[in-house]
Amino acid sequence: MEITRPFDLLNQALGKQVLIQLKGNRKIRGTLQAFDQHMNLVLDNAEALEGDQPAEKIGSLILRGDNVIYISP
Amino acid sequence: MEITRPFDLLNQALGKQVLIQLKGNRKIRGTLQAFDQHMNLVLDNAEALEGDQPAEKIGSLILRGDNVIYISP
Amino acid sequence: MEITRPFDLLNQALGKQVLIQLKGNRKIRGTLQAFDQHMNLVLDNAEALEGDQPAEKIGSLILRGDNVIYISP
Amino acid sequence: MEITRPFDLLNQALGKQVLIQLKGNRKIRGTLQAFDQHMNLVLDNAEALEGDQPAEKIGSLILRGDNVIYISP
Amino acid sequence: MEITRPFDLLNQALGKQVLIQLKGNRKIRGTLQAFDQHMNLVLDNAEALEGDQPAEKIGSLILRGDNVIYISP
Amino acid sequence: MEITRPFDLLNQALGKQVLIQLKGNRKIRGTLQAFDQHMNLVLDNAEALEGDQPAEKIGSLILRGDNVIYISP
Amino acid sequence: MEITRPFDLLNQALGKQVLIQLKGNRKIRGTLQAFDQHMNLVLDNAEALEGDQPAEKIGSLILRGDNVIYISP
């Protein structure tokens, strides 16, 4: 599937694991369940990372989009 | 219930305990009573956490949505 | 009175004492006289707190809503 | 005069001295001449304070509303 | 001329020298040539100040309004 | 092709490598796949840089536009 | 040409060298090719400055307007 608009990438990533780099040096990894046009996200099986290692299990969460730097499938 | 939009997760969490990670390293836990489309929240029996331990009883509160990083049911 | 929207809590708190946690580690306590949809507030008999102790008498004030983390009746 | 909306307090304060607490630990005192719905203000005989003491005479000024924490008549 | 709205002060200051206090402890002084409703400004013969002393000649410039704390004619 | 509006430069850069300077001293390099009017971007083969050297392979990502300082093709 | 609105200065500067002071103590110099009403800019032959000295050649770039403090032709 070709990507012509940025949110196409999130559409492709639904149901898959994504890595989210947040402002303030936080990283979260989880399965993308839903998103909206503000980049608000719902993740399942989410965990906070330190470096590339899991540091804390969070479970499901809704993340406010204005904290996002990037999301990588 | 399936989650197709991010706020569906908050709908499911009404009346249940949620953990809220705020900007500036604050964590608050409480029972979710209400929310709106700005992620403004009302919590009941809220308490501020340090690490994972209760540090201060706050009671009921209205939280301004722009402080939220994530909310986990 | 049931709370279904976040601002219902502020409506209930009119005329009563509230504690306001501001960004930047400020706390203010006072009697809630008025609010609007931006969370701008008017307080009467307001005082700044350090920890939980009164530190400075301010009197009446209008507080700009974007400084608020939470308001607790 | 009763206060039912936050800006009513500013209306009452026109022509009187007000103390303004700004973000970034600045305080300014002066006579309120005008305001608008963004909390932009015009002050006359304004002076910057350090603690509660006058530190610098500024004269008249227009202050951008997004710097305000609170305004106290 | 009476001032009833904050931007009246800027209207009066057109063609005159103004002092601008910016966020982040910068001060700029120059002759006000133009402004708009976002407080974007054009200054002529502008110079950056350190304390109250000229520190750098800038010449003409357009300043983005969201950097302004206050403008004093 | 002449550039008359800022986003024309991004249009020309589609499918080519770009360097992105982010707020908070981050730099990312990758192939520009898509962008929108908020400067949200999709990059392919993205990598984080330290100085001018690749420091971390990220792969594909969606970057939130409000983190951007500049983008250079 | 008289300047009556702030963006008139940018119009006059098209095709000429400008100095841009950014938030966070960055300075960039380059030839102004395009701008829009958000102060997004395209520069050609851009270089980052340290103090007043060229420190890094960047080439062409699109700069996001919300980083700008001032632009001086």
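Letters are used for the chains, namely A, B, C, D, E, F and G, taken in the order the chains are written, and counting of residues starts over at 1 for each.
The working rule: a contact is a pair of C-beta atoms (placed from the backbone, for glycine too) under 8 Å apart; a residue touches a chain by one contact, two chains touch by 3 or more.
On a predicted model such as this, the values are computed, not experimentally measured, just so you know.
Listing every chain that touches chain D and chain F alike gives an empty result. Computed centre separation for the pair chain D/chain E is 19 angstrom, with centres defined by C-alpha atoms.
Taking each chain's centre as the average of its CA atoms, chain A and chain E sit 42 Å apart.
Multi-chain contact residues of chain D, defined as those touching 2 or more other chains: 66. Beginning the circuit at chain E and passing next to chain G, one meets the chains round the ring in the sequence E, G, F, A, B, C, D.
Interface of chain A with chain F (complex): residues 3-10, 23, 39, 65-66, 68-73. Residues 22, 24, 26, 28, 33-36, 40-42, 46, 58-64, 66-67 of chain G touch chain F in their complex.
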